[in-house]
Amino acid sequence: MSSVTPRSWQGFAALALLAVAVLFWPIVHATPGYGIAAAALIFLLLLLAIAADNFPPAIGAILLFIGAHGAAWILVAGITGNEGTARAPFYLLLAAAWLLAWRCVTILSALRPTSRWAATALRLIIPAIFGAWILIIWEAVTRGAGIPFILLPPPSAIGARIANSLPILAADVRQTIFKAVIFGYVVGSGAGFLTAILADRVPFFRRGLLPIGNMVSALPIIGVAPIMVMWFGFDWQSKAAVVIIMTFFPMLVNTVAGLAASGHMERDLMRTYASGYWQTLFKLRLPAAAPFIFNALKINSTLALIGAIVAEFFGTPVVGMGFRISTEVGRMNIDMVWAEIAVAALAGSVFYGVVALFERAVTFWHPSVRGG
Amino acid sequence: MTGASPAVVSASKLGLTFSTNDGPVQALTDVDLTIGKGEFVSFIGPSGCGKTTLLRVIADLEKPTSGTISVNGMTPEQAREKRAYGYVFQAAALFPWRTIERNVALPLEVIGLSKAEQVERIKRTLDLVNLSGFEKKYPWQLSGGMQQRASIARALAFDADLLLMDEPFGALDEIVRDHLNKQLLELWERTNKTICFVTHSIPEAVYLSTRIVVMSPRPGRVSDVISSTLPKERPLHIRETPEFLAIAARVRDGLHAGHSYED
Amino acid sequence: MDSFRDKIVPVTSILVGIVVVWYVFAVILNAPFQRDLDRRANVTPGVVEFMGKTLAQPKPTLPAPHQVAVNFFENTFLRSVTSSRSLVYNAWVTLSSTLLGFAFGTALGIVIAVGIVHVATLDRSLMPWIIASQTIPILAVAPMIIVVLAAIGITGLIPKALISTYLSFFPVAVGMVKGLRSPEFTHLDLMHTYNASRAQTFWKLRVPASVPFLFTSMKVAVAASLVGAIVGELPTGAVAGIGAKLLAGAYYSQTIDIWSALVAGSVVAALLVMAVGIAGRLVDRAMGGRAA
Amino acid sequence: ADKVTLQLKWVTQAQFAGYYVAKDKGFYDEEGLDVDIKPGGPDIAPEQVIAGGGADVIVDWMGGALAAREKGVPLVNIAQPFKKAGMELVCPKDGPIKTEADFKGHTLGVWFFGNEYPFYAWMNKLGLKTDGGPDGVTVLKQSFDVQPLIQKQADCISVMTYNEYWQLIDAGYKPEELTVFNYSAMGNDLLEDGLYASEDKLKDPAFEDKMVRFVRASMKGWKYAVDNSDEAAGIVMDNGGQDENHQKRMMGEVAKLIDNADGKLDPATYERTAKALLDQKIITKEPSGAYTTAITDKAIK
Amino acid sequence: MTGASPAVVSASKLGLTFSTNDGPVQALTDVDLTIGKGEFVSFIGPSGCGKTTLLRVIADLEKPTSGTISVNGMTPEQAREKRAYGYVFQAAALFPWRTIERNVALPLEVIGLSKAEQVERIKRTLDLVNLSGFEKKYPWQLSGGMQQRASIARALAFDADLLLMDEPFGALDEIVRDHLNKQLLELWERTNKTICFVTHSIPEAVYLSTRIVVMSPRPGRVSDVISSTLPKERPLHIRETPEFLAIAARVRDGLHAGHSYED
């Protein structure tokens, strides 16, 4: 152990945690608990990781990765059968592994790979490690502390549930996302955009419409959703209507702000061409507003999903992500609830990612994209 | 030359006062000025004397607070709507999301030229300002002087009868400047455009102009108007003739009168 | 900027337009049920009488504006503000958690944006998970959050405010990441030549440059906070607040109550958004902002 | 006094009058209890609240309680104030459905959130598919109001005898214009509103004693509420109930479900409920120890 | 002068290639240059030849892609961190949300000067560039030349030993320019600062500099380095002396050599 000298504060902290963990031995207050081999392996892996910090970045990062995650794996696997019996060392060792993973991410973030391929890989790996640790800590704490399944199931159970319920999940995604969300998102964002243009074009509407647009801003879903079910029926159309209402305001506000964002000299330039309202709009003001408009599109990409799901808590056909969530809560199948949530999170991230890609392509000239 | 041709710009008792957080600023007072068709008028004067403001009033980008002004016999607004003039701003004002050629294409799109005509004009004006080869670059990939030249190309491509140019050659080296001066004179002679030209360079003003308007600051007034006696045909070496130097001296005196430095 | 007086005419005329359309829809939407009723009661009213009836149902599909107005007026002005049936009281309950949540949310959003802009590790790792977090339907997890918080002894205003926070931090984070990255390159270069610290560049350049983005995001965030506060009221037993009014109304099909609670919510929302707008304009003016 | 927290399944209304009466009339005080009654709502799962430690005892339907028990929250029925179920399916007589034979091809409103089991059991018995095909029924997840019927979005909807049924009456339907399929009457009912506590805690004699006193006082409250129905409705109103008339009516209907207010669970009904849940795979194995009569035995001597 | 004093800037085989959407752009190649303490070096060259880029490399705003460079014997980065230089950008780059005086105060706040010291320096430098009375104005309320002067004031207030100035006087009229030239020379003599100065004006370059670096474009190279034989003390009328004109002619030749115009 004396040969292991940490190089970062994470390394020091991890070493200290290991020492404290030894003081409070054992890991669980149940017999048989962890075997001597498993415990030794955890320590070995963690010490290896601490030592690896001194290696060249690329190798160090790989060893840190192996050490931290290997230790975490053994630790979490070992709690099987002993759920709810974890003692302090369990959490201390987990914390040590987490710190080392953090160190690993720090090293990875600092790497400036030359090949495009490696850069892309890094861009994926770093958030993946971060996410993995959310799951590891979640798994370890729910199982270590024995948190009731119906309050919060461990991710492993959720994963198993996802794997077993793919057809149901697919049907729900089809109903909620491909019908309500996409339609509502397009129409709602479009309506917010057009309203902003209308308000911009016609001063009468600017004065009259914007204050009223503000009132739409916070029409609470739970108030609106039942009304929409009344008006548009219980199928996806009413959910789309809720999404429209939810996505309208962010787009309105952002477009209005964006339309004010173009520079004075540029506007003067267009004036000298006696450029008409629409030409100035399309050639100058909308491109200048694009960063704002994309902000709205990004915010809406997640709002639309929340809106559609929550709207399904009211009246729906017996399919859809929101329907499933509210129904399975009642059946105490909380793992299914989280499976839907996980799918929603994945879909939302993809949705957001697509919007962000478009943003990069369209507003490539903006300092925030050029790397300000 | 002034009297005969119809007035393109005609201002009388023109005044403009900006109100700012910190009291009013008189940018122009009592400006009387008539510019005839086909004239090349330079405006020269110390920094902050109101040259830009005057050009902006002509261009209907600023409303005068007193006096009257007409452009082509109409209000500046009507003239602007008729696309009576092209304007080169003091700063380049290129759109960052457009490449250089697309920036030059901007006014052409606005007036609705055919694609072929656009391509032709872009090529011609970019050649003129020596930016061939940079068509596909974005503004931030160009040097300061190149950006300024792109903005000149954009105004020339617009091809209006009245050109308002606010220090177009400020950021250019002597040689490019001489080159562009010559090109501009050629263009002016060929097309009989009317040009209002702001500059800080006395030789440039004398070399180019049929008339030089000297302005003095705070409040911005026209302190002298000097008609050039130089022939319309002007080779570069005319700048060493005594006639040229005499006019330059008079401009310099006018400028000094308006300045407050003790030196 | 338009003065208040410039706005009165357009706002009222548009409101009048909305009310007219509303009446038309009220008649149309309430007609089928009224026809059923009349048929079962074996009466055949004239057109005017029929329309009058559609606008006077106790539990209409779409309450007529005057029904909502009367209900709103009674519950706003004719009840003591401490009564649990007073809209003022309920709006206040909601408003307090909204404001607290909005304050938390804005602060959290800014902190996250600052982290993302300044720390490469966070930029790469945090954003995807924040996005994922936002796709979790709050109404599904709100009860669990509230149960868990109650279990560790946190009850009352805070849990509701936390749900507001959860909804409102995201627009601020997204907007501020953009805003803090929007300074021009020459300005960044300038600070660079002074070897300004990150903190100095942040305060003197990034923050002022982000102001348009900040206030735009805050408008969205304050609205989201209000939605969050209302949603957060449900799993706490919905004892008080606009959300509680909505729920009680929905549960007993008291559509008029629902609509007057909705109107109350909208008024609160409009006021909040306008307040943010005014704050934005004041800041803009203090920064030498130039009229458009 | 000993503190007890009771989590209700729904918002404050006469459905829970017994508890409010017991609190208001001081029955809990008499037993040395300080009871905190937490109202529920559409998205409160009492099972989660008790699992999170937010309540000592909950009002729940047996389906949810047994499902939670299987998922590791050892709920035990300690008393069953509601002897009969109040859920029914109603269809307007002027609609297409008059008898069970008419269901095929029509849309039915069903409450989910754990309340759907009796419906599915019933359809199962009728041999009807529920996937929306032409030879089955289309199921609509009904919100907590009666709008789907008024809007004609469904041909029949779920109601509680004591609540939504009367909202239909208020909306202008006359009782004779409605066809009612009552789950209890059809023998398809599952046990509603029982009191459940955690098995682990019940092992503690002090807690058990507390529950005995709680059930005793609560049943005393129920008895009082049944006997003084209007006063009980008033007490509910004082605690946040809405619409006094409605609460009075509800109290009247709830009284019919309470029976003799001894709170004793009938093992036969329990067996039937458990079997129905097993049949529908809501639970996968025969529950054991999911109820105890020890509390009610001690409480009602 | 060059040999004896310690090198402030020393570049060898310096090269910089930008990669753009449209292929690489060689902005600098094989630049060898040593600038000694107390020198006044002007850079002159056609638009787009890499003057700005070179200054930016010295200032650590751009990383060279080949060759080496040191500033004050350190890397440019270390020098920047030591606040070795003040920089005047080609564009004014004023913060629009700060008044003129607050813009000038910006670097002073960054280095943490006392309020009193700040006030004193702001007053002094704004006086120097003749902007007294405009302290409370916002940048957009100033003319182009005034904005440029404000940015000069800002750099002078920073008061570093090395001044990098990118066409600071481009937008100024002759008289203000002469005035500022004189002020700059005075300052330089008094403080023994090292100044790197980009300009398009040959007379300006000759008048101010101890050495003139002539650059030629595509790829940007140093084509000539001309040491001035003028005395350190330079009254304005030195510009009419034969010695002055001889140097100017040499610079002009160097410039022409780098240009591609046929005239």
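Residue numbering begins at 1 within each chain, and the chains themselves are lettered A, B, C, D and E in the order written.
By definition in this document, a residue touches a chain if its C-beta (ideal position, glycine included) is under 8 Å from a C-beta of that chain, and two chains touch if they have at least 3 such contacts.
Just so we're on the same page, UniProt names per chain: A = Nitrate ABC transporter; B, E = Sulfonate ABC transporter ATP-binding protein; C = ABC transporter permease.
Predicted, not measured: the structure shown is a model, and the values here were computed from it.
Counting only chains that touch, the fewest steps needed to get from subunit B to subunit C is 2. Common neighbours of subunit A and subunit D, by the contact definition above: C. Separation of subunit B from subunit D in touch steps, taking the shortest path, is 2. Note on subunit B versus subunit E: their Cα superposition corresponds to a rotation of 180 degrees, in steps of 5.
Between subunit A and subunit E, the centres computed from C-alpha atoms are 49 Å apart. Each chain gets one centre point, the mean of its Cα atoms, and the points for subunit C and subunit D are 35 Å apart. The distance from the centre of subunit A to the centre of subunit C, with each centre set as the mean of the Cα atoms, comes to 22 Å.
Distance between subunit D and subunit E, defined via averaged C-alpha coordinates, is recorded as 84 Å. Residue positions 42-43, 45, 48, 51-52, 143, 145, 147, 151 of subunit D each touch two or more of the other chains.
For subunit E, residues touching at least two other chains, in rising order: 91, 138, 140. Along subunit A, residues 151, 226, 230, 264, 313, 326, 329, 366, 370 each make contact with two or more other chains.
Counting only pairs that meet the touch rule, the chains in contact are A-B, A-C, A-D, B-E, C-D, C-E.
Note for the complex: subunit A touches subunit B at residues 263, 265-266, 268-275, 279, 283-284, 287, 363-366, 370.
Remark: subunit A residues 105-106, 109-110, 122-123, 126-127, 129-131, 134, 151-152, 204-209, 211-212, 214-224, 226-227, 230-231, 249-250, 253-254, 257, 260-261, 264, 291-292, 295-296, 298-299, 302-303, 305-306, 309-310, 313, 321-322, 325-326, 329, 337, 341, 344-349, 352-353, 366-368, 370, 372 touch subunit C in the complex.
Within the complex formed with subunit D, the subunit A residues making contact are 148-151, 226, 229-230, 233-234, 312-318, 323, 326-327, 329-334.
Those residues of subunit C lying in contact with subunit E across their complex are 184, 186-187, 189-196, 200, 204-205, 208, 211, 287-290.
The touching residues of subunit E, counted against subunit B in their complex, run 18, 20-22, 25, 44-49, 51-52, 90-91, 136-138, 141-146, 149, 166-167, 170-179, 182, 200-202, 236, 252, 255-256, 259, 261, 263.
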